[in-house]
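Dropping the structures in below, format is structure tokens.
Each of the two complexes below includes chain A, the first together with chain B, the second together with chain C.
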Partner chain A sequence: MKKVSFSRKHLGIPYALFLIAFVVFPLLLIVFYAFTDANGHITFMNFINFFKSNANLTALFISLGLALCTTIICILLAYPVAYFLAKSSASKSSVLLLLFILPMWINFVLRTAAMKELLFAIGFIQNNKLSFLNTIIGMVYDYLPFAILPIYTVLSKMDKNLVEASKDLGASPIKAFFDVTVPLSKPGIISAITMIFLPTMTSYVISDTLGNGNITIIGKLIENQFSSVFNWNMGSAIALILLVFIFATMTFSGKFTDKEEINARGSGLW
Partner chain B sequence: MEKIINLSGISKSYDGTLVVDNLNLYIRKGEFVTLLGPSGCGKTTTLRMIAGFEMPDSGVVELNGKNITNLPPNKRPINTVFQRYALFPHLNVYENIAYGLKLKRFKSTYVDKKGNIVTKTDKLTKKEIDVKVEKALKMVDLEGFEKRTPDTLSGGQQQRVAIARAIVNEPQILLLDEPLGALDLKMRKEMQIELKEMHKKLGITFLYVTHDQEEALTMSDTIVVMKDGIIQQIGTPEDIYNEPKNSFVADFIGESNIFSGTIVGDKKVRFLNKIFNMVDDFEKNELVDVVIRPEDVELLPKDEGQVNGVVISSVFKGVHYEMTLKIGKTEIIAQSTIEKKVGEEVSFSVTPENIHIMKKEFTTNKYVGYITKRNTVVFAEGEYECNVTQLYPGSTLDEEGYVITKEGEKIDLTDVDVIVEVNLKDIEVLDTEEGSNVIGTVVSSIYKGDHYQLIVRTDEEEEDYVLDTEYTYGENDRVALAIAPDKIKLKLKAVEK
Partner chain C sequence: MVKRILKYAFITLVLLFLYAPIVLLVIYSFNDSSVIGIWSNKWTFRLYVDLYNDKDLLQTVWNTLLLAILAGVISTVLGTIGAIGMFYSKKKTYKVLSGITNIPVINAEIVTAISIALVCSLLAFGRTYASLLIGHVVLCFPFVVLNVLPKLKQMNPNIYEASLDLGASPTKALFTVIIPQILPGIFSGFLMAITLSLDDYIITTFTKPSTFFTKPSTFDTISTYVYDAYAKGGRNSSIPALRALSTIIFVVMILVIVIANLRASKRRDK
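Entry: the complex of A and B
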């Protein structure tokens, strides 16, 4: 009888099966739906209809605007925090880091609801002009830890001698920061961007809760097509359009860093 | 020659641990000075204080007579070559080297058309930078590497770039923090020679930090030997090697035979149970350390030298043989190009000039302690049985434990402060399981020919016990200590004053 030899690579089989069943197959299904009509005939009408509709285009631009603002604000807020965490002593920084990460452990629907109450109390929710701002506040609040973590990881691993070398060669502390610390923390910033920019385009729970009905983002559009309008073909087409945008952002942010650098520092989460 | 750097009264501690202790040191212009010592001796901290990365807790750093103690590193005309190179990974070789030059600003004054004197700040032009970078690359033998990034270079090449990056700024002092530590032996030897040549060519003052004694001896004009934040000796390599000031320096710089000896007369010292002539002047009856370098031990046929012994090991070391002789209980290491066979009976002799005498650092341990109710003495984290009657000559103890003096006076010694003296030989080392009230860690072990001199540090109050033992203990070994009651010498503290 032939003996079945078991090697390490066979451990990957369960995941490969999972991947086929829940990632590859659904993706093919989406592509199929996107390019067919209700009767199963191949068509491009879904895409044409999307770009013909003003409401859809508005949602797309609002999504992009929200994602952009949230990402920029998150990074601007997270960088100083991560910087001082990385500089403080090991025991102190782990406690502080925990404080910043702790909100992530509370259900984010709950957190968003709490934020709504807070904004309601100060009269922000009622004001329709502030819907966009309210959504951004909620998103920044939810996604800030995703910016702190990767930047902190990169900064805390950075060789302190590099900043010293820069100062040694005549750079002022500020110059050394922008010449050495910032460029070398790029992989962390890129991870932060990918971890915030993409989810903010789709997580409609926040915009639904805080937008007072004025903010429709692309994720909400997809949800509507599937659960209210029951037009799966249109929904799939929008999902594909989003996929293209995500791909574009990834290639764009990838241009700022070379792959080797990300891999070497273990911070390339995407 | 004029002093370029002057450190006076520098102390620095981290988290309550004193790393540099009241250091005074000056460096002359153009010198190649090496700070040498084991890890944790404060040499790197000293360097970092000169670079400006650390501020001393007390003391003054002067450069060319100007106080620069609180000047940040970017304002000091000093550049550093870091231990792990610290090349900027996101810049190529050219950009790394040009980094300092691009930041350089210099003031020039000229008279304008109206006759006013104008001062303006200038940068180096692109062309000037190009020329300087090229020159620096040539200096370190890396022409044509401008476009390479640091991660594509070997360790040795990275090191050269780091050196080029520092010297291109023409600093007044170049600081080198164990720059060759990460290189392999052959590369290290090459770089040693190249650095020495660079020093000659550039005329810049070099301050070099290393724990490698051979490196220090090869390269330096002056060596500063440090231990526990304190300078042990400053001198030329020859001085340090031939005339070590204490047994730490002798042990650290090269191999040496260290014996305990006693001065027995004018220029005569007794060790190994023999009297040897020597050249140094010491007081009679002084206990000393005798240092003999292995290459100064001359091996002769039996009975022809000063002391007979048996060869117990012989190892070929390339140029010479390293042989160990046993003389009674003592061992002595000798180096010679002529091999003596193991088991052969030989005789050795040493010329008087090659016998180096050093004052013994410790002859007794001295502590301040107090007497307890039970007539034991407490000092240095331990409680010991002792004979308290020695405090009052001719006194005795009564049944209740009071001391009755010769005159019949009854004295209660409880809580009386005393000075305790214990001879190095009288502290016994036991294994920790054997139980003793004092347990400590061996912090230093120096071989002295027929015994080891240990320093055992207690855990809580960090009291040091210095002792001689025949047995081998390594650093960081945990040991228990015991002292026989009759070996503890007590004196009343008031009397001492």
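Entry: the complex of A and C
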């Protein structure tokens, strides 16, 4: 008779059960709801209805626009900061870096509310024409630290001799920057993009707080279906459409970086 | 010289952008004006007294902290079990398990949120504290796994074998050899789990206790409370006592982070 004894790998069993129950099964449930109607019959109407509605398409378009603007502005602001920090002396850069990423620990709903108070005090919130701008300001404000951290990490690990070498070989400082430093920091930029692009498409907290009711993004559409329209099937269908975008971003970033780095969302926090 | 000035001007401007809303809230927390931007009378602690007397708001703070600690502990145990289990499994099992573990990291938070909400309504226990806790655990546990796995990789595999040769049971070896070796990873995973749980809005709002998927609910965390106050309460609603709460949260977080970093750098210097 073989004695069944405990070994380390058996710990994987309860874990796998948890994964199946609360990660895999829930996602399959979304797929199921997306392709059925309220009576449980299989249908494609959820998707057809989604793309038929102008309001939905506008929301999709606005989400993409917001995400694109926010990501570009964040990287344009974060890159110089990260670059300066990486070039400063070690003691100075660690203090400065802490200053830049400290807001990450403060509840983002509170930070967004604080931004609303500021924008209200200078009269931006009251102006309906500025809703899109206000939302972008709020998103950049909330996500900027997430861009600074990965770019700084890559730049500070970079071999500085490569830049020296390119200069010795006759490159001007500007050419050396764009031909050597920027390409080498690509993994940091990509991971910043993945950390900012998707959340900005879905985090309706910011657009609700700062958009004065004028900005509806795809995340808000899903929320509406679940909390005011009560059409879970439609909500699931929109979630599935969103998953397509998630998958696209992942494939895009997977091409440039190894997985470990992408998954490091929030790594370095502690 | 000009370059240096430009560099510091840029860094200062970005820092100003990151801290202006926070500083504004802190200043106005000592003034009882109902609107930020209009300074009434003089400095006062009235908002702090209001906060102390606001039972709802204090309950919210307590809810948030308790949830974060519970979710942190559960996801740490789960994540550690999972990391050990998958690390010592066959390569194929490892790949599948770690792939599924990464799903909640990559996925948009709102998709995770509705998927958990769907499962909980299907399992007929609806939206209770349990669904909220499950939601938060699903949000947090992958980050524990991501923090523990590298420690397992760094560990010398022979010491576990040695302890078995010396007569330890696998369970004993697990607790006296493996766990102590990976403790730093477990600890940083735990801290990250707590940070994520404290910061969360979307999963909370979709899984928190409520009779239906309706909003007038019985349970609030700081995130949902602030969201309801700022995003739903119309154009210029603000709850002045929230400024006092925000200030306290900001100060506590800044102290915690600065102390943690000072201690970390001291350890490095030794």
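Simple rule for what comes next: the second predicted complex is superposed on the first by the 234 of 270 C-alpha atoms of A that agree within 3 Å, B and C clash if a C-alpha of one lies under 4 Å from a C-alpha of the other, contacts with A are read in each partner's own complex, and residues count from 1 in each chain.
By our rule, a contact is a pair of C-beta atoms (placed from the backbone, for glycine too) under 8 Å apart; a residue touches a chain by one contact, two chains touch by 3 or more.
Predicted, not measured: the structure shown is a model, and the values here were computed from it.
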Does the superposition put A:E223 against chain B (first), chain C (second), both, or neither? second
Quick one: classify A:V180 as touching chain B (first), chain C (second), both or neither. first
Kindly classify A:L162 by the partners it touches after superposition: chain B alone (first), chain C alone (second), both, or neither? first
Taking the superposition on A as described, I'd like to know which of chain B and chain C A:L243 touches: first, second, both or neither. second
Would you sort A:L133 into first (chain B), second (chain C), both or neither based on which partner it touches? neither
Given the superposition on chain A, which partner contacts more residues in chain A: chain B or chain C? C
Quick check on the superposed pair: does A:S172 touch chain B, chain C, both, or neither? Answer first, second, both or neither. first
Who does A:M45 touch here: chain B (first), chain C (second), both, or neither? neither
In the complex of these two chains, what residues of chain A are touching chain C? 5-16, 18-19, 21-27, 29-30, 33, 77, 80-81, 84, 94, 96, 98-100, 102-103, 105-118, 120-122, 125-126, 141, 144-145, 198-199, 201-203, 205, 208-209, 212, 219, 222-223, 226-227, 230, 232, 235-236, 239, 242-243, 246, 250, 259, 262-267, 269-270
Touching residues of chain C toward chain A in the complex: what are they? 7, 10-11, 14-15, 17-22, 24-25, 28, 35-37, 78, 81-82, 84-89, 93, 97, 100-112, 114-119, 122, 134, 137-138, 143, 146, 160, 169-171, 174, 178, 188, 191-192, 195-196, 198-199, 201-202, 205-206, 213-215, 222-223, 226-227, 229-232, 235-236, 238, 242, 246, 249-250, 253-254, 256-258, 260-261, 265
Seen from chain B, its contact residues with chain A in the complex are 51-53, 72-74, 78-80, 82-84, 86-90, 99-100, 103-104, 165-166, 169
Give the list of chain A residues in touch with chain B in this complex. 159, 161-162, 164-173, 175-176, 179-180, 183-184
